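Two complexes are shown next, each including chain A; its partner changes from chain B in the first to chain C in the second.
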Partner chain A sequence: MFDGYTFSELTSILAMQGFAGLILFSVFVLMALGLAIIFGQMGVINMAHGEFMILGAYVTYICSNVFSTYLPSLFGIYFFVAMILAFIASGALGAAVEWTMIRHLYKRPLDTLLATWGLSLILQQVYRSVFGAREVGVTLPDYLLGSFQLTDMVEVPINGVFVMCLTILITAGVAYLMFKSAWGRQVRAVVQNRAMAGAVGINTAKVDRGTYALGCGIAGVAGSAFTMVGSTGPTSGQLYIVDTFLVVVFGGAQSLLGTIASAFAISQSQSTLEFFLSGSMAKILTLLTVVGILMLRPQGLFSLKIRR
Partner chain B sequence: MVRKIEDKSGLLSSLRRKLILGMAALPVMAMSPLAAVASDANTTGLAVTDDEVTVGILHSVTGTMAISETGSVQAEKLAIEQINAMGGVLGRKIKYIQEDGASDWPTFAEKSKKLLVNDKVAAVFGCWTSASRKAVLPVFEQYNGMLYYPTFYEGLEQSPNVIYTGQEATQQILAGIDWVVKEKGAKSFFLLGSDYIWPRTSNKIARKHIEKLGLKVVGEEYYPLGHTQFNSVINKIRLKKPDVIYAIVVGGSNVAFYKQLKAAGIDLTKDNVTLLTISVTEDEIRGIGGENIEGAYAAMKYFQSLDNENNKAFVSAFKEMWGDDIVIGDVTQAAYLGPWLWKAAVEKAGSFDIDKVRAASPGIELTTAPEGYVRIHENHHLWSKTRIGLAKKDGQYDVLYETEELMEPNPFPEGYQ
Partner chain C sequence: MNFKISSFANRTEIFGFLVLAVLIVVILPLALDIFRLNLIGKYLTYAFVAIGLVLCWGAGGILSLGQGVFFGLGGYCMAMFLKLEASTPEATKIQSTPGIPDFMDWNQLTELPWFWEPFHSFPLTLVAILVVPTVFAYILGVAMFKRRVGGVYFAIITQAIAAILTILIIGQQGYTGGVNGITDLRTLMGWDIRTESAQYTLYFVNAFLLFVVLLVAQYVRKSKLGRLLVAMREKEDRVRFSGYSVANFKIFVFCLGAAFSAIGGAMFTLQVGFMSPSFVGIVPSIEMVIFTAVGGRLSILGAVWGALIINQAKTLLSEAFPELWLLAMGGLFIAVVMAFPNGLAGLYTTYVEPRLPKFLSGNGGKDADDDSDADVPLASKQAAE
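Moving on, here comes the complex of A and B:
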């Protein structure tokens, strides 16, 4: 397939393809981080993860409309406001859901699957009733459109770079929260041994609610960011859920580092395969590889070494 | 009908005789012609009374397809309301029963059976995806119903129980490719689609046609439905440098594809690349955003901006009924044709009977169609013109070209399979 192309054309295409893989990697990490916290740390199978993301997307949509109508002079910065609001909205909804539903189901992880799946259907219909069945378009500020022209051939999409920066920022934030802060120590203690953590005076119920809200809030930010690259409709969340679970399970459910490693492995193999094969074939091969590796290593790439 | 009842039951007939005696003062003679019309117009027990006829509307208003099918429901309701305002069909007002297919194909089959068997509807306006149509087809054929199907689709089908009011693939594809070759001097094409039957069949026809013209297809790619990452294929397009990107991406993937194309610096408003699509109507542009698809070309039979009297009246009636911010795409207009074509066929047949309506259908013309003039072909598809639109930032198309002649529907194109 490379006949008749010059060396410089090929290198620049490879460079751009590498970058496409990195963007896919960032998207995967952003999608999966929230779920990794909820599923990995709490053992809750959150099927409504996609809908929490779409809540963030709709918050962004509302913000874009409000700003363009009432505050056109500040339109340039609305996206940042929208992401913060998306975090708050999804996080608040997450906390409410945890309080009303999830906390009664901690001892029945498989039931959380059904309950959150029901929740996802309810949320979809709510979005449909409120925003209409049609997809909505989110207008972006001009500086987020287009691409950086690095050389004649190499162009890098600006929104891709934006998603990458955002991912790095959020990952760093989560890493700090989890591994450096007092709250993170409590979360890890609860994950490792709930009864003992309770015995030493950690309010496990409060930690659970906070963890769940954080996971949902990150999903909201992800949804907000994805309005740049994807669609915003009542059922758009469903487009992400399979890939998200794939990344988290493959990475090893309890390890945040594993999630990142698995996002990297899956995104790079998928984007390389997509380039050499067709899109559908690439997906099939990626899935087959993941299934194969999970058969050999059911706990995923990384697993937490703790005494059971 | 009257005789049937008498034959069945002597009791009823004697009761009837007494009644008639009692009503001797009534102008019995004057009533009988009306009774005769009723029995002629409906000999198969459809839900038709002297002043009402029941039809079905069967679309998804929940689930993933609700995005697309909502417009069709609105169009069909508008047409029915307008027909009723004009006095109905054969003097009967249309009453509709709406069922929700819920984006689930077995549900479509179940609901269509309910409409035909329980409700005995005289016609059904509905379905959107080919999958839903394939699911209801056996039901319509078994219980002899009549379906008016609005979507442009891949062809390769012709049922006595379906009238296809959208275009089949060759009508949309051939004219579009001929135009882009003539106007843009296109020599090479990159075919791209979502991975299911419609894009695959359509691209097969497109490839055959392109190769017949002696031109080149430099790539053909399919992505799963709902795919949201198109950066790899965009790089491939960049490497192959086709004159034309021929895109049949559907649903949420559409939004991702055009946003990423724009972000990757492939500017459709510039001359070095032409994007031609057959899957993006004004409806889809609302989700994609006009600024992301500005400069793309679409080949289909209807655009909201069509400049003719029929269409102006249609657009304003539509907006009056459903709100000013609504947009009307190709399929929505095709759905609007359904009730009108059915009305014309019923009136030509003088009967609601499915068999008579079917026999009367070929040759039915509609001069009031928003798209202009259409006529039903022997093969149950419509003769219609194909048009090329240029997408604008405000989400509408500029109509640049329309075929001079009506395109003949050819659902089984020889040499294209």
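Moving on, here comes the complex of A and C:
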């Protein structure tokens, strides 16, 4: 498949596809970060994660419309407002879902899968009733359009770099929250031993709700980033759920670093292969490789050594 | 051979089988016109998958989210045979290459791919319907269960495989018919499957196969193997320490579920007249888990009822209120998981069975109690407490 390309052409192609893969990478990382918290830390299989992401995307869409109609002068900053609102909306929905459904199911992880699948069906129908079945897109502010010209063959899209920076910021924030803050310590304590954490005075119910809401909120931010690369429809989220689960499992469910590494590996291999093969074959090859590696190494790339 | 019916099924179960048999074989064919009956036949093909899931998931605790893969493989094997029969050189002489299926011609293929060749022969097709999905399940099972991949990880990997197969089928349009699937199937060995009499015949063949599968499943559940499956679901390590090869039992039951699904898939193709990737992927696979969950994950009869009732409700609701269908399905699903984890069958054994006349309640109360207690998963017992 490399026939007919010179070496410099190949490097340029790899660089181009690599940068194109950055946006995919960012969406993957943000989606997977939320899921890594919910699934890796709490053990809840959140099949509605894609729908939480799409909620964030719809919030961004609403913001884009509201700002362009009522506050055109502030249109440049609408994206930041939208992201915060997306985080709040998805997080609030997540907290509500945790309180009504998930908290009854912590002992039955496979059942959380079924219940959240039901939730995702309901959310899809709600989106379809509210926003219509047609896919919607957002208008980006001018400064996010276009691309930097690095060499005469390599271009870097500005929105890609923007989303990328955003992802790094959020990832750093989450890492700080989980591994350096008091709250993160509580979360990890509850995950490792719920009964003992309760016994030393941690309010486990509250920590659970907060963790779940945080994971969903990050999915909402992922939705905001998603609007830059794709149009939003009621079922767009479902397309990403399998990839996201694979990213989390492939990285090693408990490891945030592993999640990032596997998101990078999967998105980059997919976007690079897409140049040489058809899109569907690129996806198949990537997924097959991941499934194959998982069969050889079920615990994922990075696994914590915890004595159970 | 020392075989007693009472060791195979207690009176309640026999009663359940009879009720289902009367409904499927007598009442429905008399009450419904052929169009509706054909739909029921289609729903019953999902029941094959649901029965397999009861064994894998309800008894063995292995939740596969990729049963659509096996349903699809079985269905595609049958569809490939029917398609080759429909694409005789005479029937396809307007194509640039006569004698190959029409979608291959549209995709500029000039000869039949090698893996289509065996499907010229009906006996080979029948073998393929059973063997291809089972071997595939065996490979997956060996790869995962031998490495002790289980539970959630197994569910996610099977789901990914369902996604991969769907993308593969859609992407390789020239070999598989792409997103439209394999359509325009007409005859089986010269017998027109689209006539009313053929549809009646197929319905009864389907019902017969369903009961064969039900009996096999019942046999497995009542055998020592069935007991071991339940034991593995509850305390896998103890079974392993007792010297049993846990992985082999899991592989066996997973393969059995795959074979059941494949039979369902083949019957689906015959009755509906086409096969497409929309019955292979993640959504149909999870829907099949829903049928099982609603019917009752511990009861093979419940699985059949679940498949029938949910699909009937889906047809009726989506005819009358298309908007409501997803809401109702999602709500029902949450309700089943939250409120009655053992589904309709659980409700039946808790509320209906105690009020049935004495002669139906089986081999005396004590034995039945033991049975139902052993079957309920620990987790749901804890949840109930």
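Just so it is clear, the second predicted complex is superposed on the first by the 292 of 308 C-alpha atoms of A that agree within 3 Å, B and C clash if a C-alpha of one lies under 4 Å from a C-alpha of the other, contacts with A are read in each partner's own complex, and residues count from 1 in each chain.
The rule is simple: a contact is a pair of C-beta atoms (placed from the backbone, for glycine too) under 8 Å apart; a residue touches a chain by one contact, two chains touch by 3 or more.
Predicted model, so just to flag it, every value in this text is computed and none were measured.
Chemist: Looking at A:I45 after the superposition, I want to know if it touches chain B, chain C, both of them or none. Which is it: first, second, both, neither?
Modeler: second
Chemist: Please indicate which partner A:G146 is in contact with in the superposed arrangement: first for chain B, second for chain C, both, or neither.
Modeler: The answer is first: A:G146 touches chain B but not chain C.
Chemist: With the two complexes superposed on chain A, say which partner A:V290 touches: chain B (first), chain C (second), both, or neither.
Modeler: Second partner only.
Chemist: After the superposition on A, what does A:Q125 contact: first (chain B), second (chain C), both or neither?
Modeler: After superposition on chain A, A:Q125 lies in contact with both partners, chain B and chain C.
Chemist: Using the touch definition from the top, say if A:Y240 reaches chain B (first), chain C (second), both or neither.
Modeler: Once the two structures are laid over each other on A, A:Y240 reaches chain B alone.
Chemist: Please work out whether A:S280 is in contact with chain B alone, chain C alone, both, or neither, and reply first, second, both or neither.
Modeler: both
Chemist: Could you tell me which stretches of chain A are touched by chain B in one complex and by chain C in the other?
Modeler: In chain A, residues 125, 128, 238, 278, 280, 283 are touched by chain B and also by chain C.
Chemist: In their shared complex, at which residues does chain A touch chain B?
Modeler: My answer: residues 5, 9, 13, 16-17, 19-20, 23-24, 27, 125, 128, 132-139, 145-147, 149, 153, 155, 157-160, 226, 228-236, 238-240, 271, 274-275, 278-280, 282-283.
Chemist: Spell out the residues on chain A that touch chain C in their complex, using ranges where they run on.
Modeler: Touch residues, chain A against chain C: 39, 43, 45, 101, 104-105, 107-111, 113-115, 117-122, 124-126, 128-129, 238, 242, 245-246, 249, 278, 280-281, 283-284, 287-288, 290-291, 294-296, 298.
Chemist: Going by the contact rule at the top, pick out the chain C residues touching chain A in the complex.
Modeler: Spelled out, the residues of chain C in touch with chain A are 63, 65, 143-144, 147-149, 151-153, 155-157, 159-161, 163-164, 167-168, 170-171, 282-283, 286, 289-290, 293, 323, 325-327, 329-334, 336-338, 341, 379-380, 382-383.
Chemist: What residues on chain B touch chain A, complex-wise?
Modeler: Where chain B meets chain A, its residues are 61-64, 66-67, 70, 195, 220-224, 226-229, 231-236, 238-239, 251-256, 259-260, 262-265, 283-291.
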